[in-house]
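You will see subunit A twice below: alongside subunit B first, and alongside subunit C after that.
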Partner chain A sequence: MNNKEGEFKLSRAVSLQRIRKKEIAQAYLFLAPTLAGFFIFILGPMAAAMGLAFFDWNLISPPTFAALHNYYVIFSDPRVLKIIWNTLFFTIVSVGVKLVLALLLALGVHSQISRFSNYFLRTTIFSPVVISMAAASVMLGWMLNTDFGIVNHFVRKLGIMPIKWLTSSTWSMRSIILIDIWKTIGFYFIVFLAGLHNIPKEFYEAAKVDGANAWHQFWYVSLPGLTPTLFFLLVIGLSSALQVFDQAYILTRGGPGDSTRVLVYYLYEHGFQYLNMGYASTLAVVLFLFVLILTIFQFRLGRFWVFYQ
Partner chain B sequence: MRSREVIGHKFVKITILLSLFACGTLIFIPFIWVMVSSFKDAVEIFSIPPTLIPRKPTLINFRRIMHEIPFHLFFINTFKISILITIGQLFTCSLSAYAFARMEFPGRDFLFLLFLTSIMLPPQVTIIPTFVLMRYFGLLNTHASLIWPALVSAFGTFLLRQYFLTIPKDLEDAAKMDGASPFRIYYSIFLPLSSAALAMLAIFCFNYFWNEFFRPLVFINTLRKMTLPLGIFMVQGRYGAASPGLLLAGATIAVFPVLIIFIFGQRYIVEGITLTGLKG
Partner chain C sequence: MRKFVIAISSISLMLMLIFNYAYGVKVIRFVTWGDTAMFDELGGLFTKKRPDIKLEVIGVPAISWGELFDKMKIMVAGGDPPDIAYIAIEGTQLFAEGGLIIPLDKYIERDKEELKDFFSDAHPKLIEVFKYKGYQYSLPFEWNNMVIFYNQNVLDDAGVAYPVKDWTVDDFIKVGQKVSKDIDGDGKTDIWGYHFSVQYFACLVPWMFLAGGNVLNDDWTQSRLDDSKTIDAVKLLTDFVWKYKISPLPEPGQGWGACVAPFVNNRAAFFGGGRWPVASLRDANFTRYDVQYMPKWRTQNVIYGVGGYPIFKASKNPDEAWEFAKFLTTYEAQAYATKRGYSIPGRRSVAYSDSMFYLPPKNARIYYESLDLAIPVPSPPEYGRVESVLMREFSSAVLREKTPEAAMAAAHREISDLLKARRK
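On to the complex of A and B.
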């Protein structure tokens, strides 16, 4: 009797274990395609880039070990420092301007009740987001053409000398930033709009009862309520701005001089024009470290200023 | 006193509305201007000051660009690449998202963390080893070199997992009672219930790869295999300086289909972003 019960318990345990094993196998079956792709095309190349950074390799002769020489070159070459500075300048200015302008636009649109104006503004402001940066560069590049561009047509009308938007080192970076703002501000705008939509109306009503004016409502209700949105945009925006490449490659080729040469552009030049695979990998690692440090830093800081309801 | 305040308030409101409309119009003007300019002939396009409306609208730019550059191939290539990647990602991401959301297995939390971290990984970081890998397999200058590495997505997995977590457990418990396998539950309960999230991922993914420039630039080098963004860039190099009319016609051809789809589907796309913006 006793023995039989024990046997039953044992077989139950064995079958449970079998079920458990089957579940685990099934789970890994579900994960298999993603894991395979992830290791072959993301994690593997990531590790390979970090490894290649210690070598010199031109794809033709076998790689030679260079230890930390590539890193040394990066941080001692004033040209690279200029390129890193360009990248950071682009990132800070474009993200900063977009955050402020998009917030203003979103606050304005949020306060309008008319359905038509909502529709019109969302469509027009967001439309550049859906086209490619290549097409956007070509379009705005033509408008910013020094001799025949429409922008300089109005500049001339103001009685100012035509501006060399893309062909002077004073203006080229500003133009690259301008194109980026035009192309991506709509995304920031829509995310802000969603954030505003998400703040409960009761908060505003309570503030009104307490006698808050428009500015108070913004400062004490909207802004704290928007901090998660702002945090999201900062994390996404900064890391994608550090990857700027398309418009600098298409419109200015990093020039004139080095005025619009940015990190990814330099990586591309070394990797696919000079075939310095090791050095290009080192630049890739530097880019990765920038993004990583910035993200960790933001998550740490975020604890102090982001309010979740 | 009171009415003056109301008038003041109205005045502020109208000023805000007008400046908003000015901003919206300003942002949209490049589309109009490029389209208008693409109808100008080779002389008028260089006129100073520029003519705001073409004096003699002509289709010559469109005819020439379609004749000299295989734009139809760019469309087919871009569509093929984007649609295959989108289907692949919907498949791989939904499967792995289901595993992360609903199954228990050793190493789950570690793997998920690894995935989360790789969302922040810039695609340019892995480009050199990926290039070497594709060269080794003889896949340079093929569409396969663009499609294969893009078939998985940490972002898509994360997005769908978050959505799957919101599906009530009762539904699958009932199915489990009836002896349904995990695949059955995934296929007949989770996929139909998350069609909104899947559609959103599909739109994002398709749009992203439709517009992608960096990887095609690295991997593709023959005209007939190029995608639209790369094709536009190539046209700019070939005709940009001498005949910008052709370039603008090319840009118009590339941009307007996407723009029109957006204008009609605007609501869904914007709602999709709203959803991810909140979840992200």
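On to the complex of A and C.
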């Protein structure tokens, strides 16, 4: 290589490096608003909560250092175990039922040949998702009233005793789970439907050629093809369900007794009703760690059962 | 044309802002519970007298005093405090203990001539409740007690006489049982004797007073929830639902407002309230009702709570806030609110004036006269937590998740620990 060629290559490399740096700077510029929002509104408060967990603070007087006292209180608070159980029960049942039901609905709608019935069913199933949970809870609170609610009006017509939907510890959590399923199953359904659309038709044709019936097609083609979708819904669904609050706050205020008191509602009570911000922050940290560990575990386990095309 | 209108509006707005700034119009922020309409109007009346002060009214939705106070505390903690707020007796010690509100003694002393008429016109009990550790934190604008609202249509249909002052709990239960009925034969009671909700002031504590019990002792430092008389009140309310069958199950998460709809639809004979339901009944165009003292049990003591308007320590305009607080003690302001069916006025002269009898109930004179029998609602600095614990356990008892004894024992333990922590 002569000098001129070498110089040309060097200047070209330098130009490319400058262009690359410029592109990187532009990329960060475009990312800046989102990153700023993340640091200010998510990472910052998270760090503050983690710090506050070591203090006693009533929002009015200056915080006082409490070391691990708040963590000790959590583990010695007799109500916390019941509240954690309520939260886990809600999570497991509501997410489990939603996954199964939404999958069945998606398979049913996916098999609809008529375009009209396809659109109609999609709209009907998805429409509760667009209502706010608070508005839905207020409305359903009246509908589920033991003595005056319209739901028990029809229950009586069936010859059944009125159900204490929100006024018994047996039924109150079930009612909240049912409301959550009705309200959010549309989201799971739409995601499953999109997942089914993404499975190439050729796979089904090949399976048919090999003599696969409807069940075989589902088990050997649809389900493996849906594993990424299932994984996504499991991760999102579990972390979201562990943070349930609206229904417990509006419908039952955590009652009767502690039967529908969930972790985030308990955290809210301590933070914003009792102004016990230190303890509330500790509860938030415990919840965060639990969700983090669960999510990491799901990702690790996902390697063994999620198949990407 | 459109551009012209926009330009003129913008210039007018700018001129108004400049005028306000130049001539020093101070804006004071006033926080109240729920609907702001009445205070918007009172603010207008006040501004006519004091054009240099403008009132900005902020309404906070809440279903209990505890919730309202929590939201106010959050506003203060968030660096967005009001100048003056509607804080009833239930919150006075809470806010005073936290150093959030200022004593008004220096203002009262300075303007004592102007306030002389008010102090001679207001019952001393209404003023004393706002004293804490020797300082006066608020003056009464309005107050409430608890009486029984009775539906004249329902009682007439059942052929039952209207209650009289010295009626008893047995009379109450008998009437309740007579009027409670299934009118369409579907096995469900359609008309109930007595509607109640899981509420501190508007349900449980008044019955505790009638039983001869109380939540706390006289100086609000110890729990009395282990007193058998106190527990009897919880038992009675539970029996209204399960034994006497005169009350429907109260739904958690619903306030006293859930009692009004059945009442105006002639589906309930009785519900409890102060004077605050009068406005709701007026809005529903329902006039076939009256009020009577709660039935006599071991006592006929009446609960009362007073609405005051303390000034926040963080206020940048305390002098102006005081001018509004003073305006609220005037005959004009209290008569205006009373006529709208707001609450019982702090001034005796207003309570016996046409403003009070302008709307039903006819028996409204019992409101002010009940003060002689009245005991203030227990309102320690830990009010929010006490209310929350007690309502949780009360709802467990009335829904038969726990016995009344077990529920009150649990509440007693938790509240005692809370009060002990204060004494440390």
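Going forward, the second predicted complex is superposed on the first by the 272 of 309 C-alpha atoms of A that agree within 3 Å, B and C clash if a C-alpha of one lies under 4 Å from a C-alpha of the other, contacts with A are read in each partner's own complex, and residues count from 1 in each chain.
The rule is short, and it goes like this: a residue touches a chain if its C-beta (ideal position, glycine included) is under 8 Å from a C-beta of that chain, and two chains touch if they have at least 3 such contacts.
None of the values given here were measured: they were computed from a predicted structure.
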Subunit B versus subunit C as contact partner of A:147, first or second or both or neither: both
Partner with the higher number of touched subunit A residues, subunit C or subunit B: B
Touched partner set for A:135, first subunit B, second subunit C, both or neither: first
Partner chain in contact with A:273 - subunit B first, subunit C second, else both or neither: second
First (subunit B), second (subunit C), both or neither touched by A:95: neither
Which superposed partner A:83 touches (first subunit B, second subunit C, both, neither): neither
Partner chain in contact with A:250 - subunit B first, subunit C second, else both or neither: both
Which superposed partner A:156 touches (first subunit B, second subunit C, both, neither): both
Overlap of the subunit B and subunit C footprints on subunit A, listed as residue numbers: 59, 141, 145, 147-148, 156, 250, 272
Contacting residues of subunit A [partner subunit C, same complex]: 58-61, 141, 145-148, 156, 162, 164, 166-169, 250-259, 269, 272-275
Residues of subunit A that touch subunit B when the two form their complex: 23-24, 26-28, 30-31, 33-38, 40-46, 48-49, 52, 59, 105, 108-109, 111-112, 117, 119-128, 130-135, 138-143, 145, 147-150, 153, 156, 182, 185-187, 190-191, 193-195, 197-198, 229, 232, 235-236, 239, 242-243, 245-246, 249-250, 264, 267-268, 271-272, 277, 280-281, 284-285, 287-288, 291-292, 295
Residues on subunit C engaged by subunit A in the complex (per definition of touch): 66-67, 70, 73-74, 76-77, 98-100, 186-189, 248-254, 262, 384-385, 388, 392-393, 395-396, 399, 401-402
Residue ranges of subunit B in contact with subunit A within the complex: 13, 16-17, 19-21, 23-25, 27-28, 30-31, 33-34, 37, 45-50, 91-93, 95-96, 98-99, 103-106, 108, 111, 114-115, 118, 120-133, 135, 148-149, 151-152, 154, 157, 181-183, 186, 207, 210-214, 217-218, 228-230, 232-233, 236, 240, 244, 247-248, 250-251, 254-255, 258-259, 262-263, 266, 269-270, 273-274, 277-278, 280
